[in-house]
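After the structure tokens below, expect a handful of questions from me.
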């Protein structure tokens, strides 16, 4: 299979969908690759720095027969557009009684670890999860990035694509052809029997590395990658925890009201999963601070492999 | 003790703090009461409909020696100002290395149940909890409303005050004099031994009513009101659950990545609380939909007393 | 521009319908048949009607919290509007939206909006679609003087100017935003001058003169259809009543003489008197028109009353488009 | 307006310091001593210096992602700036902020900002504080041509006009926003005309002529100090280098002749030649000034290098103001 980078996989997804359907258009202040060369300035639109209008235009154009891909670039910049996301995008279909579909995809780069400081190092996917009405993807590999983004573009609902910037240069195998990954289906990235680690985005890699190390000790870690955050594949997570009886959740965001909190709560409230638990669940999250600039502090603010290892040891010790 | 309404308690808090400290000013598109009469147009500012600039001005004025109270009115309207909240207010102190304090209070009305439809019926406090750097209050009684808002105005950090609109007309006793409720201290609104119900905002009343009914059956419900969401008084919640072994969390927001998820996760990850649990925790939340307009649907979208009762029966049945 | 008699009579009828719809809506809100909040547009009918008279069903509009008039002028079915206000399944949004979220996508009415300024970006998106379609369709967005102080107004004007979008920005300047007089919001209380910064035409018209509004809108719409880009029209008008009501109308806070002055500029007799002077309308025909409007409104109430409330089983429907992928 | 010689020499020195600071910062970023992203302002020095020469420490400014020049012109300590870029504890933000978040509240520099347009509201808040204080202080906010397309720009201008705030809006129009030439952003590429919609003075000046900038800023600042409200100044200028760099400078994408033209308009020799012509500066004095700047920069690097990285124990400090309540 071809090995391509995460960034290239995302570019391919957009290009293939634009080729496939003339109604797909894209807007942003800048683009990776050179899509304007192939698709022309009508369908590839350089915008002013006006994320709010861009975001709302995605809805208006979607309701009028197009399938816009709105590229906010950094997730930082979409906060100026939150009205269009929270008050409009997430609500328009339902509050208008399903009269119209809004097939719009919002893309953004997320994450920390690159010395970009507080504003440009955010991982706020959990905020969007709380808002009912948006679908959300968060891929961890080039193949998932391509397959999920293609599915998002074809979906008839607003979908937000969170694309971890640290993954951009990372390469991996991507199937040829029209590679689609369905929304709402988690993947067990590594099967195991002793501990379930649900990891998100960049931390799927980290969890896999940790699992590899534990295997040498004869401890079998199952790594579950939800891939889609809404709709969340709750069944796969429950099945894994019911098997292992131990849960660690790893995410790059602060813990409070996060995806990690949600996954812990799902397990804690489900009778069968709860009964299966051998001990408390553990969250391994970022520190509850704006991400600091200085490298030693930035590293300390992020979940580290050692934190994942320690959490796994804690759940193993508990029962 | 005087009985006054929730709305009047909030107005008194602002007026008392404005009397106490000439640096306290307030801005918004409208005000309850008639503060301009007492404090004049310099300190009580009617603004254009420009929540984003209003929100940022709060920070700028706070860094320049004032203590602004920014009234967004409905929480709906602050989403146009999210950049100033997420990228600025929550980060400015930390990312500038603690050089300056930003004593600004943001107020907003929240909640549903009044036929105001999707955009004007939101309870998004959980979003803000996820963002590290903001303090958050969510009072449930007139006394707490007054005492917490006064503490918020005196606090040297950005504080967001979520004020449930359905509570506005509700009256209750409020102590005379300079009544302060410290931030970060939960209150056990009713002591009990069999089940802990952590309820937020409007649902504290509902939980108390349900607890009253259960008492007739000889079942003793403890109702915990966090009052402040950040910093969250984790100790009081743990202590209650360790005593009762059963937890129900009631909130007006959708469940995913919510305050209810956070509280469930806190219990699920703490060894002592987890060990104390006799069965799964239960969340009683709003349906994951934009709040519908039509009264029967709106009611169905909200947590109802029957839902709280059923959840309590489930945790009682589990062990 | 000379309008044909049937068109003029339709415009008159639409204005009367809007006025009577609003009078009725206020009563029905007070009677508890309608829930939540109602923002009547009585007095401002000429703007919606003058503008929408230039549009077809393939042109798209976005509206505001004060949106009933825009709906009616765009050709919405008042029975389904009334059913929506009553929260019933036969309403435009199956009862999920209510007054602030009425929409009829089939006729290009993309929705009222409870957030000041929020409709402008969506209209710009509809204009982008029209531009790409290349069939000469246009988008129109209605907004109040208050929306001009929200950043989205400027972002929408700017991108429309840069991209030469086929869009008309229609400001209903009614001198107030909620209880705040316009000077609370604006140093220069005229809105049209903002157009200059974006290099687009900006004109102010008497918003209580439906023919003047229609004239200005026709010019702007023609310009947009011809690919010459956006325009801004400021319609100076006034709302007859309060900003909004829940179960009872709030007290009037504006100067009594100001209210009286503007009521004397009622756009409806202004058109009907004109039509009578030109021999296009008789008192009897006007009487008949009013009676017909009355009958239609009564029928709408009956329709709405007979429509059931949505069932709890419908709480989760309409959340997501069912077909996940197109082929 | 005639400026005294010492003031003129200080302005020249500040421009040289900014230029050399940026040249050094680019090298140190490439060398890995600085992390993340650096946005050099070389070529635009006259704007920061011309404006800040009108200000005192009790006047407040807000800045942008391209903020080193504003810091230096406002009087920040380059040693603490450099330590901040190095991520060290003696930096202005104790290493927590870096290039995009340098601030020195003690001298009224309320911070660089990584979000386009986000500094304008904060500056308006500082202006409100100055108005309430009534001591004649002012606020200034710097922003790029790109920020004009963000709604916050318009909201800030509007409220400042309505409230007559003592504020000066200074647009650094360098013809580009990232890699997009100005016509991608604006139909009318001039920024000053937007002032008219708010009824405030709006002027455009040669942003590479520090005396012209100073003249325009002096007028605007005097106006603000006198309680006459806000002004908008558009400074036409150009950045010599790329938008931003990580570990290596990206390739130039702008037309070579455009870059060459603007380099020929270098604001530094423009002032130094003028001063020499007026007999206020000798070549030797200029030489000495440059040598002094060089020494200070070397000292700043040494200072930064000797400052320790923050310890992990400091991860949670500075989150909340410690004293919960004032008495």
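Note that the chains are named A, B, C and D in the order they appear, and that numbering of residues resets to 1 at the start of each chain.
The rule is short, and it goes like this: a contact is a pair of C-beta atoms (placed from the backbone, for glycine too) under 8 Å apart; a residue touches a chain by one contact, two chains touch by 3 or more.
What you see is a predicted model, and the numbers here were worked out from it, not measured in a lab.
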{"item": "Relative to chain A, chain with the most remote C-alpha centre", "value": "C"}
{"item": "Separation of mean Cα positions, chain C and chain A [Å, integer]", "value": "40"}
{"item": "Averaged-CA centre spacing for the pair chain B and chain A, given as whole angstrom", "value": "29"}
{"item": "Whole-Å gap between the CA centroids of chain B and chain C", "value": "37"}
{"item": "Two or more partner chains touched - positions in chain C", "value": "93, 95-97, 101, 113-115, 149-152, 155, 158-159, 162, 184-186, 319"}
{"item": "Sites on chain A at which at least two other chains make contact", "value": "47-48, 50, 52, 76, 79-80, 83, 87, 94-95, 117-119, 132-133, 287-289, 292-293"}
{"item": "Touch-based graph of the chains, sorted into line, ring, star, complete or other", "value": "complete"}
{"item": "Touching residues on chain C, where the partner in the complex is chain D", "value": "149-155, 158-159, 161-162, 183-188, 193-194, 196-200"}
{"item": "List of chain D residues in touch with chain B within their complex", "value": "60, 62, 91-97, 101, 103-106, 110-111, 113-115, 118, 120-130, 132-133, 139, 151-152, 155-156, 158-159, 162-163, 317-321, 323-326"}
{"item": "List of chain B residues in touch with chain A within their complex", "value": "52, 76, 79-80, 82-83, 85-87, 90-91, 94-95, 117-119, 122, 124, 126-127, 129-133, 230, 232, 253-262, 264-265, 267-271, 274, 277, 279-283, 287-290, 292-293, 318"}
{"item": "List of chain B residues in touch with chain D within their complex", "value": "21, 25, 42-43, 45, 47-48, 50, 52-66, 68, 83-84, 87-88, 92-103, 132-133, 135, 151, 154-157, 180, 182-183"}
{"item": "Complex contact set, residues of chain D against chain A", "value": "35-37, 87-88, 93, 95-101, 113-117, 146-147, 149-152, 177-180, 184-186, 309-312, 314-316, 319"}
